[in-house]
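Can you read through this structure? Questions will come right after.
By written order: A, B and C. Residues from 1 in each chain.
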Amino acid sequence: MVLEASIKSIDLSIGYEYDYEVLWVVNSINIFVWRNTTYCIIGESGCGKSTLGNAIAGLLPTYAYTNGYLEVEERVVVRGDETNYNGVRGRIVTRIPQDPSSALNPYVTIGEQLVKVIKHHYGAGGNPLGKARELLKLVKLPLEVIDYYPHELSGGMKQRAAIALALAPTPKVIVADEPTSSLDAYLRGVVAGLLKRVQRELNLTLVFITHDIALASTICDYIAVMYAGTIVEEGAACKVLRNPLHPYTQLLLKAIPKLGSREILSTIPGSPPSPTSYPEGCRFRPRCPVGFNECYKAPKLIEFEPQHKVSCWRYAQ
Amino acid sequence: MGVTLSYVVKRIIFSIAIVLGISIITYVFIYLAPGDPAYVWAGRPRGPLASEAIAKARVELGLDQPIYVQFLLHVLRFFSGNWGLSIRFKQSVFSLVMRNFASTLELLLVSFITSIPVGLFLGIYSSLYRGSRVDAAINSLSIVLSNTPRFWIGLAMLLAFTSLNVPTYGRISDSFRGELVERVGLYLVDSLLQGRLDIFLDVFTRIIPPALALSLYPIGAIARVTRISLSEALQEEFVREAVSLGLPRKTVVYGYALRGLIPSLVQATGLFFSYSLIDAMAVEYVFGREGLGSLLVKAIPANDFPLITAALVIVTLVYVVTNTAADIVQALVNPRVTMQ
Amino acid sequence: MIKGALKSMSIQAFLITVWRKRSAFRAGLIITAAILLAGIAGSLLPLIYGWDIGFRVVGESFQSPSLRHVFGTDDLGRDMFTRVLMGASRALVQTTIVIILSLSIGLFLGAVAAYYRGFVERALSYVTELFLAIPSILLALVFIILFGRGALTVSLALVVSWWSWYGRFAYLQARAIRDLDFIVLAKHYGLPGTYIILRHVLPNIMSPVFIQALTDAGSVVIELATINFLVGVGTTSIEEPDWGLMLGYGVRYMFNYWWIPFLPGLFIVLMALGFALIGDSIYEEMHPQLKRRWKLWF
């Protein structure tokens, strides 16, 4: 397996127009995702993880502003405030939506939607209907779903259909934006497992965005923990999960319930700050149990050990 | 489809209820009018036969019968097309209105055939390039167009065309009037059926200026509705999903965003059509064309309210029919049939 | 959706932003201010020159616009400028009456229909739909024929059907909020229905309905003008300084004395346009999907 960069960003910031100002929700992010790996972005809601995912998938709304540099599969998609996703969307990167019931075209059957996408990318000659059937088989959907409208499917089936659609253009990168948040607890694991299997079988790069660190730990190779628009810890999954460095990651891991354990689950005091009022310095400082004076200055993401970076003054030399 | 069918039936029953309500309102009018209802119903007759006519009207209205019988008689008359006598023209209102309706309808149809595609095109373009200069121009144009009285624009156009020596006054030139055989009532169709291209051209040149004046409102209104609703639809989640799959712009706009708007656009166009009917009546008068409008204008100074009531009923019926049709189309097009 | 946009800023701040951002709003405001000024001048003129100022014959009929008579004179030799100014105050008063009365009726009936449900809801919805189906202009004409064509009659005649437009909108708004906690709780406490409607339902549906009324104030102007136009074309003489009547009556002179129908019509256009421009820019600026930056991104 050749290790190459699939996604690379340098000082990427993304903001939205809000009451005639730009509100920066993602700040100076540097990520590096290897090809054919699963990269998880973990964080509470509102920390900017979906925005980052949308930037990779080319789905930032038109009132978004960008700064910095982002590269997907050796194509520069963001440079400064200019974005260019021509030929990237679909062919190279697709997205699995958070809420499939609003993301599937309600006026057209699942089969037609699949065929439309396949026809566009491979022409009408290549037996699009057959390919659509294969895709449905791949995501373990019964074949009669082809004639169903989205509103006739259950939540889990809709999500599978959305996954099939995202696979239809045979992309190299798939961004799964909280694909399990609208599902039951049982289905979450199933869908995550399905994604992992598809990633391995089709040699994809999977960017998996979730707030559920337990779920992420089951499928990912690399983890990035986001807090208030910045990455606070990043690295190989085994290293981050076994040896969490940032206090936020540590607290997140403590908050996972363990079967059979009688330990009282800990919670993180306070609530995540809104982009209108990010604290000065380290953004986790107001909620941090181990903060000290240095934390009034903004920390940088530094390499603690190979394949393990953290943004916390406690590890600064 | 079972749900759709029951919706269609429900919708039609509701429309019939609305038409019934209108018949009640026209019934109230007869009794609101000053003076003896029978006298008014008979068309305010004068001369030696007057008392006879009034007596006949009294029997027809059933004034000697109990009130519910009167009302029942009225509803029966209403649905059989017996809407009384015109005070001004001393003729059956129904046949008078029907004879002139074709002319107004012809004008309205011609104006809508042009304004629907133009309005749609402007609306789609300005919503795709929202915020650009072209959009600003289209948007202000459509605000101006939909807020200018059509009869005033018609006036300006008539003056302009007349000064250019283009014959625009009237529906058909006097020399052709005797030659045209009326079959459908729409002169454009009639002249073609007769195989007379010269008459067709004459009628056509005369219908264009008023149709143009009339089409300004639907063009502006359709463009505005399309612009606003397409702008919303383009930001819908399933449209973004289509973009994320790399589908081309044409498919995303027409196959995804616009597709969901068809029902509401059909509905809005139906509304504009029935609103324009009144505009057509005013514009028609300005251009000296016969039709409902000219009839109405003559009826007002004569206080001819059976005739005005009839015009009101006709316009309402057009509204109800177009609206019902639009609703039914909406139910048929949309797979997620919304039923209430 | 529309209410949410206002939450984060005050009304003044909002209006200032709209003024800064949208030239249509500026244009609309200037036009409306001009019409208002004309209306004030029109209502002051009689106080200065006597009540017959608009009807005073200057003995020079069909004078084309000149310095002496800026808008020319009409068939009876009355100064058109004076009459057009007086028409402005008349049009403003009529429009205000129509909007205020229709709004109050529509808001109230809409709220009642949504709150009481069951038979009341169905009956009121039916009546609203019925009056929506009837063309307001023709209904108004019937009433004018029955009750005469005074300034007040024309406005009231339009109200008879115009309320249904706001009624349906208010009903849809009220239906969306009727199951919210504060209303359900108020019902639980046994508060009387009229109190809940006045205190809780109406204040919460008011602002979207007001904005709706603002955006189609222009069409009220046009509806009134159309009614008066249709009345005006048939009459043998007109007394009232009303734009629609003047335009309709003046149509007979259009080939020889263009200013008689043309100038009153121009003012109808300006007034309707002013309202529409204001309403439209406010609507767009309150609409989250329309106010934000857009470019064709795919």
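Simple rule for what comes next: a contact is a pair of C-beta atoms (placed from the backbone, for glycine too) under 8 Å apart; a residue touches a chain by one contact, two chains touch by 3 or more.
Everything numeric in this text was worked out from a predicted model, so none of it was measured.
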Pairwise touch network: line, ring, star, complete, or other: complete
Looking at chain pairs A-B and B-C, which one is connected by more C-beta pairs in contact? B-C
In angstrom, rounded to a whole number, how far apart do the mean CA points of chain A and chain B lie? 54
Geometric centre distance via CA averages, chain C-chain B, whole Å: 22
For chain C, write out the residues touching at least two other chains, lowest number first. 293-295, 297-298
Could you list which residues of chain B touch at least two other chains? 235, 243
Set of chain A residues in contact with two or more other chains: 61, 89
Would you mind writing out the residues of chain C in touch with chain B in their complex? 24, 126, 129-130, 133-135, 137-139, 141-142, 145-146, 218-219, 222, 225-226, 229-231, 233-236, 247, 251, 254-255, 258, 261-262, 265-266, 268-269, 272-273, 275-277, 280, 287, 289-290, 293-298
Within their complex, chain A touches chain B through residues 57-59, 61, 89-91, 94-95, 97, 99, 102-108, 116-117, 120-121, 149, 151, 162, 165-166, 168-169
Please give the residue numbers of chain B that touch chain A in the complex, ascending. 235-238, 240-248, 251, 255-256, 259-260, 333-336
Please name which positions on chain B make contact with chain C in the complex. 14, 17-18, 21-22, 25, 29, 32-34, 128-131, 139-140, 143-144, 146-149, 151-152, 155-156, 158-159, 162, 228, 231-232, 235, 243, 249, 252, 274-275, 277-279, 281-282, 285-286, 296-298, 300-301, 303-305, 308-309, 311-312, 315-316, 319-320, 323
Can you list the residues on chain A that touch chain C in the complex? 17, 19-20, 61-63, 83, 85, 89
